[in-house]
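Take a look at this one; I'll ask things after.
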Amino acid sequence: MMLPYLWLIPALPFAGFLVLSVLGRRMGNGPAAAVGVGSVGLSALVAILVASSFINAPPPAHVYTQTLWRWISVGGFAPGVMLYLDSLSLIMVLVVTVVGFLIHLYSAEFMAADDGYSRFFAYMNLFVGSMLVLVLAGNLLFLYLGWEGVGLCSYLLIGFWYREPENGAAAIKAFVVTRVGDTALAIGLFLIFINLGTLDIQRMMNLAALHWRPGGALPTIAAALLLGGAIGKSAQLPLQTWLPDAMAGPTPVSALIHAATMVTAGVYLIARTNVLFTMAPAVQIAVAVIGAATLLVSGMSALVQHDIKRVLAYSTISQIGYMFVALGVGAWSAAIFHFMTHAFFKALLFLGAGAVIAGLGGEHDIFRMGGLRRQMPLAFWCFLAGACSLSALPLVTAGFYSKGLILSSAWEAGRAGFWLWAAAIAGALLTSIYTFRLVFIVFFGEAKAKISKKPGPRAAIPLVILAFLSVAGGFVNFPAFFGIKGSMFFSRFLASALPSATYAAPLPETDLLLEAVAAIVSLAGIYVAYFFFLSSPEYSREMAGTAIGKVLKRFWFEDWGFDWLYEKTLAAPYRWLARTNRNDAVDLFYSFIAKVNMFFHYGLSLSQTGKVRFYAAVIALGAVVTITIAVFAR
Amino acid sequence: MSGADLLALLPLILISISPVAVMLAIAFFRGRGLAAALALLGLFISFVSLPFAASYAPRSVTPLLVIDNYALFYMGLVFAATFAVALLSDGYLRMLRVRSEEFYVLLLLAAAGSAVLVASAHFASFFLGLETLSVSLYALLSYPVTREKAIEAGVKYLVLAAISSAFLLFGMALVYALSGTMEFSGIAAWAAAGIKYSNPVFLGALALIAVGFGFKLAVAPFHMWTPDVYEGAPAPVSAFVATVSKGAVFALFLRYFARVDIHTMGSLALALTVISIASMFAGNLLALLQNNVKRILAYSSIAHLGYLIVAFLASGALRVTAVSFYLVAYFITMLGAFGVVTVLSGPDGDAEDIEGYRGLAARRPVIAGVFSLMLFSLAGIPLTAGFVGKFYIIAAGAGSALWLLISILVINSAIGIYYYVRVIITMYSPAPVEAEEAALPPKSTEPAGPAAPEQAASAAGAIIPIGGGLVLAVLAIGLIWLGVYPSPLLSLIRKTIQSLM
Amino acid sequence: MELLWLIIAPFAGGVIAWLIDRIDGGDRRGLPARWVSLLALVFDLALLAAIWAGRHAGTGVGKYGAWFLQLKAGWIPEIGASFHLAMDGLSFLLVFLTVFLGIVSVAVSWNEIKDRVGFFHFNLLWCLAGVIGVFLALDLFLFYFFWEMMLVPMYFLIAVWGHERRRYAAMKFFIFTQLGGLVMLMAILGLYFIHGAQTGVYTFDYFSLIGTRMSAAAAFWLMLGFFTAFAVKLPAVPVHSWLPDAHTEAPTAGSVILAGLLLKTGAYGLLRFLVPLFPAASASFAPVAMAIGVAGILYGAILAFGQTDLKKLIADTSISHMGFILIGVFAWNSLALQGVVMQIICHAISTGMLFILAGALQERIHTRDMGLMGRLWEKVPVMGGVGMVFALASLGLPGLGNFVAEFLILLGAFKANPAMSVLAALGLIVSTVYALRMMQHVFHGEERRGWSLPDLSAREKGVAAAMIILIVWLGLFPQPVIDAASPALQGLEAIAGSQVKIISVAGLGRMTAPPAQASFYRTASGPLKSGALKGDKNERR
Amino acid sequence: MIYAFYIAAAVAIVSTAMVIVQMNIVHALLYLILSLLSVAVIFFVVGAPFVAALEVIIYAGAIMILFVFVIMMLNLGTQSYRTEKGWMRVWTWVGPVLLASVLLADVVYMLVSPARLPGGGRLPPAFVRPYAMMVGPRAVGVTLFGPYLIGVELASILLLSGLIGALHLGRAVRPESFIGPVSAKKPGSSKKTDRGEGTVKK
Amino acid sequence: MMPPIPANPAPVNPLRMDMIPMNYALIVAWVLFVIGVIGVLARRNLLFILMSVEIMLNASGLAFVVAGSRWGQPDGQIMFIFILAMAAAEVSVGLALVLLAYHRFGGLDADAANRMKG
């Protein structure tokens, strides 16, 4: 029975962080990597053991809670440091630890040349620890601790190469924008606690169901605030500007934080507090709409990017958009399934891109790469597997199954269902286009640059494992209409934690039809990419040359002008106000008073002329004044 | 004048005999030490005789004087202050190149005048006491005749004092013309009977008298002479003027209005309020950026009199306690402050310029400590008698809801902090290097003395004259003792109140 | 008697330190003076430990709160002032904080102060004694006595050992606080006379003055008098402009004590004296005070964001943090009050450490201008790491003490006044902005000056380690502190509660009873009907 | 007899006015003596013969003689005439006269005011009704050494202090300075105080 | 109501002084006083100032005597005697100071004595 060792899972990475941050400087790269990678590895091992004992001998009601210590207790407010394990958090833990371990292994070699080696692993361990806390938290305050912890680590890691000020600026931008979302989440916490009296997630949901009227003001506001937090962390529409800039960090960081784990924290939050969202239908629809809008917007932006990592960043935003659509329509397990598959293939793509960048000595612009197919075959094939999975190549890739599930549940989602499905399909088309645009430009065509370094063994193993997972990963949730026994294993496994989909499952034949449409769309996308970017690139150049093309290209490149908007409306005025008020307008008032006093001093001291007759005159004047007051003012 | 009357008058008699005794003594052997010793002895004996006279206490000796606890308390204060001034001036006079025996005679005469003033219950004794004090001050102020500033101070004080005495006299004459009697009790009785308080002539006369009081207390419209006289006069005499002459007159002022509630004479209360506010602001604002220490102390004494009038305008039991306690605290502080200036002064000019005090804490830490203590007490910082005094004044004001006056007092004490602390921090800031040896270049316009001006307070930590040092020590200890544990003095003051009410 | 020793030890220590330094003529650079002052503070620490060990709540002092130690002696019977010291959970925590920060500041200024070391430690210890006195005094006159007394030593600390504009800054500090103190004196006397007129007993004793019934107008003005003094000290926004100057110019030890302790006397005053003495008036004044608090948070943050001087930036952050305390106090429920106590302690530690770092930096590169710093992480990684920890603490990162404090305050404030709490929550964002900008300009970014500076010395590392452990411990295990303060805070609530019922918005903690369907849009707790009886008209004119 | 009062009063006022207008100090002094004599007459008329005598003997006799001595010692006589002329511009008179007239109006209004009290009541009749009688030296002597005995003692102390003061200040002045000031400068030309300009320090 | 009849019944005043209302006499005294004030303010010569002061003192003396005679009491005259004593003492010290001032300031100009100002 490994369940009691649940606390080890988050504790190990934190221990790694402590060791590395305190002794980091004195350890060489070898031992630092050993500690860094080892701690996450051990944690993954424990996670797997825990998972196995959870599956073989499930604890009562498929839930295991472990309270470590009484964190705060003031009157009715008593959030404890409590770990809560159910099938949902188990999957999250597994993904985080396994993918985390692979990325740590990869970065052991990738960051070898960097001088801040131990510092890097310290931050990465801290991140994994915080993510595990977030995922395992039993009450919202402990979740909030993990939530802010991951935000902090994303700041530290984005700004890891601190020598260039742009990295610093990107890191601060990331932390501040996510902090806006966190503040909304915090206010949500206040509201929940004040009105329900507890922050424990399960009890909070029961009480809400009991006392709150579905659709009423309180649940709507609470859900909206939680959504605000989710949008901030998962870089959805209004607050997505920070993710593309976050690519300034090292590539393993982008892989782990900005693709696999942290950005999906919002998805986990909404999934975890699903009761609240079902009680606020307006907000749930909003989630779907935001998801749809985001996937379209970032899909188009990804089409025109030059930097390999920015393309993948926009693709991440778009894929999370899919998850939000799933959550919006109530297909909770579909969202988590897509999260898992996305974690695999997006991590793979990032690590592949990392290998390419390392090979070309830090080159990010895809138009200066080309023909790497022959120079880095291993990286190429793994990258290709990831790309196919991303663009949901039918039947053979995990992406197809997870995205298909979302598309079908979107179709069934009542009135708005059709529009959501239409947006999702358009998104799928865009996805396959920009993915294979990337593949053709980077790996096909004539070689523009020589490869200086091939990914070593410690980098290759993760690539291969991830490639296998992103291909085979989908079979765990085989669609039902094929009638194979044991299909939809993943969703059934999650049923214990998440309520079944709100809308009825589609009839087998419509399901089949939808899958077919999705397959056709993804293949079409690949052909379009092949036509425009490999066989006759002059067409794409000509299209880009047209007037609307040029405008659209620049508009999409600038992420639909969100950055410009925030800079002009928020950042610039704040900076201006701070600069003008540097020496404190209120202070001028007090220095004015001081001047008045001095003015009176000089005035009065002139009256001390030193002449005795003047003094006599003042005495006489004083006498006159006193007499008039005494006599006339009685 | 029965035997008991004479015994009751013993302190006055003794203080009057001692100047004559000193005069006779110096007539035979002309020695400064002898004069000083005799003067101190005289003061001591008259101080000791006070409790003896207290046994005969509440008795009015001839219509002119009334000897009661209140009068004896203030006589004690006057004698003690004069004793301190005499001790302080001992070291000071040794430096002056002027015959210094007469100084003690004049000082004793001034003390006698103040004693009479405090005990007076009649216009005649009030006038004579006041004039004895003033005339002896004329000579004391310009005692170092070789200093031009002293003469200027003397002339100014004489002319202005004479003018204000004339105003005072005319006021008295009018009151006498109206009421037919010159005793305070008689006048009060006359004024109480019928609506005399609103009688314009009576109020006008009181206003004229107020001019005389105003000059002596150096409150706002009549304060012009204070800075020049304090700066010109020798430091111990400035101390005497700042404390004894003001304190005695204020004691009489308080007794004169003790039984009569000031607020029945609406317009006079208004006049006093205006005077109080004006002197608070004038005193503090004038001293703000002043660079001459004696002038700072002069201006701050104007401000403090403004605070005293606030307490005077209050009503109820707290009033007399507040005024008496504040006067004692004010006496100690002013004597201490001027004592320090005396001790640091050189033969050719007093230690006036603030630049001279720069870095004093490094050279002479004890003196700097005492001076900071005195200045903190003026500012009303805890651990000093000034703090308790200021607290009492605000308490008296709050007791009778004089919110306007108190808030002005609060604002002014904030302004006051600026220049008190400015002097302190100059003492504690590092001395500029080149001024290290010429410790206190006196800024007097006196043509440079024949020999290089050897400074009494040279950098080598010259010895502090024994008398001055002793006085400063006693004053500092008294200040802290009153600041921390004021109860004994408060019980003494309560005894004096019974006799007054 | 222990309470008296708590105050006498620093007094005596100060005098001895000064004398020793004068006697030995400073040939050993004032070393004995430093040991004496350290000894005095350690003695106090031991005394506190003994008190804590031997404490048993409720020695029957007054009917409220859990006082576990008390000393009452006559002082000036004529005016009813008694030498009344008492200690409960709240005072114990604050006195412990005072002694701890005292030791830290002595350790920090071990070789920063070179000239007149004896006099420096004299002022340091007397200031600490004054602060301890403020935290223990239960007689309003004694409280005012200590309140004024702690100013002078701090004035000397800034004016003699400060930096360039020290005279101006010290003078500004002195006048601001002194004026505030005098306004408070007027309020104290107003209360004293109203109470005297009602009951015939003229006394300054805290317990007898509580519950004086007075007219709403009188209560409001007197409360305003107290509020100005504490707002100046806190500092609240309109009267805050002395703080940046005083902090920038004070020596490191001075800044630590100023930020760690003197600001807290304002907060303590609000907790102990303002609301319990005038519950109805403070309840009706609560929305305005909270608005001032919010203004403080946002204005302080904007100020901090615009600064180029490192210490001035840190000082402005404390203006922002103190805004939280104002909100917490006027929310006046157990959550907010615990938040205030936590904020007092955590702010003292985090801002204190930031000042120590700024001081260490200034000792090494002799400038505070952030324009000249940049990429210092390369040369001083340990200092960078410690700086990062405490910058994160000041932006309220969960897992560190400040977060627990700010969360509790915002939670409590949300219960009392949701609109204000939401506005205050914006503080989280603006605090992130200035904290990260500070880190960016000092430790990261490109190198503007080629400084070569040694990293933290062993002693400084020791102090930093202790502070980090403390702030993390407070972040993860705040319960001991909360347990220590809760009996005292319940006492305070009981006092304030008994006079006026501050309507609590929702049933708290009672799981079963369904909370009323309080819609979120309900207006803030609104002007509470003042429960105080119509005090008899004693107030003349 | 009533006319004697008015005549004496008029003479007193005119002679006093002449005193302050005179340029030559000796003439001023003589006018002053005249004014004192006229006041003595008023005393006599008012019914205080003893004091009138005193006034003539002490005030006019002794104090004025002091002034004469000083004028003799400083040898002011004629040449101070030009300096006085120089100082006395017309405009110097305007300020003081204006101020004094306000002062005069104040008190005169008070004294003359037809005794209307704020409440409309009348002044006590006794004040207005003339009621005077002669108080001879015997009465003065009896009360002087009756209740006012201490007053006499105090007056003697007062004179003693005046004596000592004058003695100390007088002795210091060196005889040769009688003829002229040390810097042998025309006394009138002291407008420009060359003796170390007062360093006005702020 | 009538003022109290003074103790010693004085003989009828042969000079029939009752015809002069007292306040006229007081007004005369006040006029003299005011002339003295003008003298002090206007004249720059120290001696003139002293003389004007003497005028003022004499005027108040007159006021006292008139008041005394009005009440038929000798107090007024006794006060005048004391005023005389004070005036004498003051003049003696005053003139000594004037001599010193003349010696020091090289003249009797009152405005020359302005070493101390501000």
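Residue numbering begins at 1 within each chain, and the chains themselves are lettered A, B, C, D and E in the order written.
Rule of thumb we're sticking to: a residue touches a chain if its C-beta (ideal position, glycine included) is under 8 Å from a C-beta of that chain, and two chains touch if they have at least 3 such contacts.
Computed from a prediction, not measured in an experiment: that's the story for all the values here.
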item: Chains contacting each of chain C and chain E, listed by label; value: A, B
item: Chain pair with the higher count of C-beta pairs in contact (A-D, B-D); value: B-D
item: Chain of greatest Cα-centre distance to chain D; value: A
item: Chain closest to the assembly centre - both centres taken as Cα means; value: C
item: Chain located farthest away, centre of chain B as origin (C-alpha); value: A
item: Chain A and chain C: spacing of chain centres that average the CA atoms, whole Å; value: 38
item: Where chain B and chain E are represented by their mean Cα positions, the distance between them in whole Å; value: 27
item: Distance from the mean Cα position of chain D to that of chain C, given in whole angstrom; value: 68
item: Centroid spacing, where centroids are CA-atom means, of chain D and chain E in whole angstrom; value: 6
item: Residues within chain B bordering two or more other chains; value: 124, 128, 131, 135, 138-139, 142, 145, 148, 154-156, 159, 163, 177, 198, 200, 204, 208, 227-228, 289-290, 445
item: Residues of chain E touching at least two other chains; value: 3, 22, 26, 30, 36-37, 40-41, 44, 49-50, 61, 66, 68, 70, 73, 75-76, 78, 82, 86, 89-90, 93, 97-98, 100, 104-105, 110, 113-118
item: Residue list for chain D, restricted to those that touch at least two other chains; value: 95-96, 99-100, 103, 106-107, 110-111, 118, 124, 127, 148, 151, 155, 158, 161-162, 165-166, 169, 172-173, 195, 198, 201-202
item: Interchain contacts (touch definition) - all pairs; value: A-B, A-C, A-D, A-E, B-C, B-D, B-E, D-E
item: Residue numbers on chain E that touch chain A, as the complex places them; value: 37, 40-41, 44, 49, 110-111, 113-118
item: Touch list for chain A against partner chain C, complex; value: 21, 25, 69-77, 81, 141, 144-145, 147-149, 152, 155, 159, 162-165, 168-169, 171-172, 175-176, 179-180, 182-183, 186-187, 189-191, 193-198, 207, 210-211, 213, 217-218, 221, 574-575, 577-582, 584, 586-587, 590
item: Interfacial residue positions of chain C with respect to chain A in the complex; value: 172, 237-238, 240-241, 244, 302-303, 305-308, 334-335, 338, 375, 377, 381, 385, 392, 397-399, 403-404, 407-408, 410-411, 414-415, 418, 421-422, 425-426, 428-429, 432-433, 436-437, 440, 443-446, 476-479, 482, 486, 505-511, 514-515, 517-521
item: Contacting residues of chain D [partner chain B, same complex]; value: 106-107, 110-111, 113, 117-119, 121, 123-124, 127, 147-151, 153-155, 157-158, 160-162, 164-169, 171-173, 195-199, 201-202
item: Residue ranges of chain D in contact with chain A within the complex; value: 95-96, 99-100, 102-103, 106-107, 109-110, 118, 198, 202
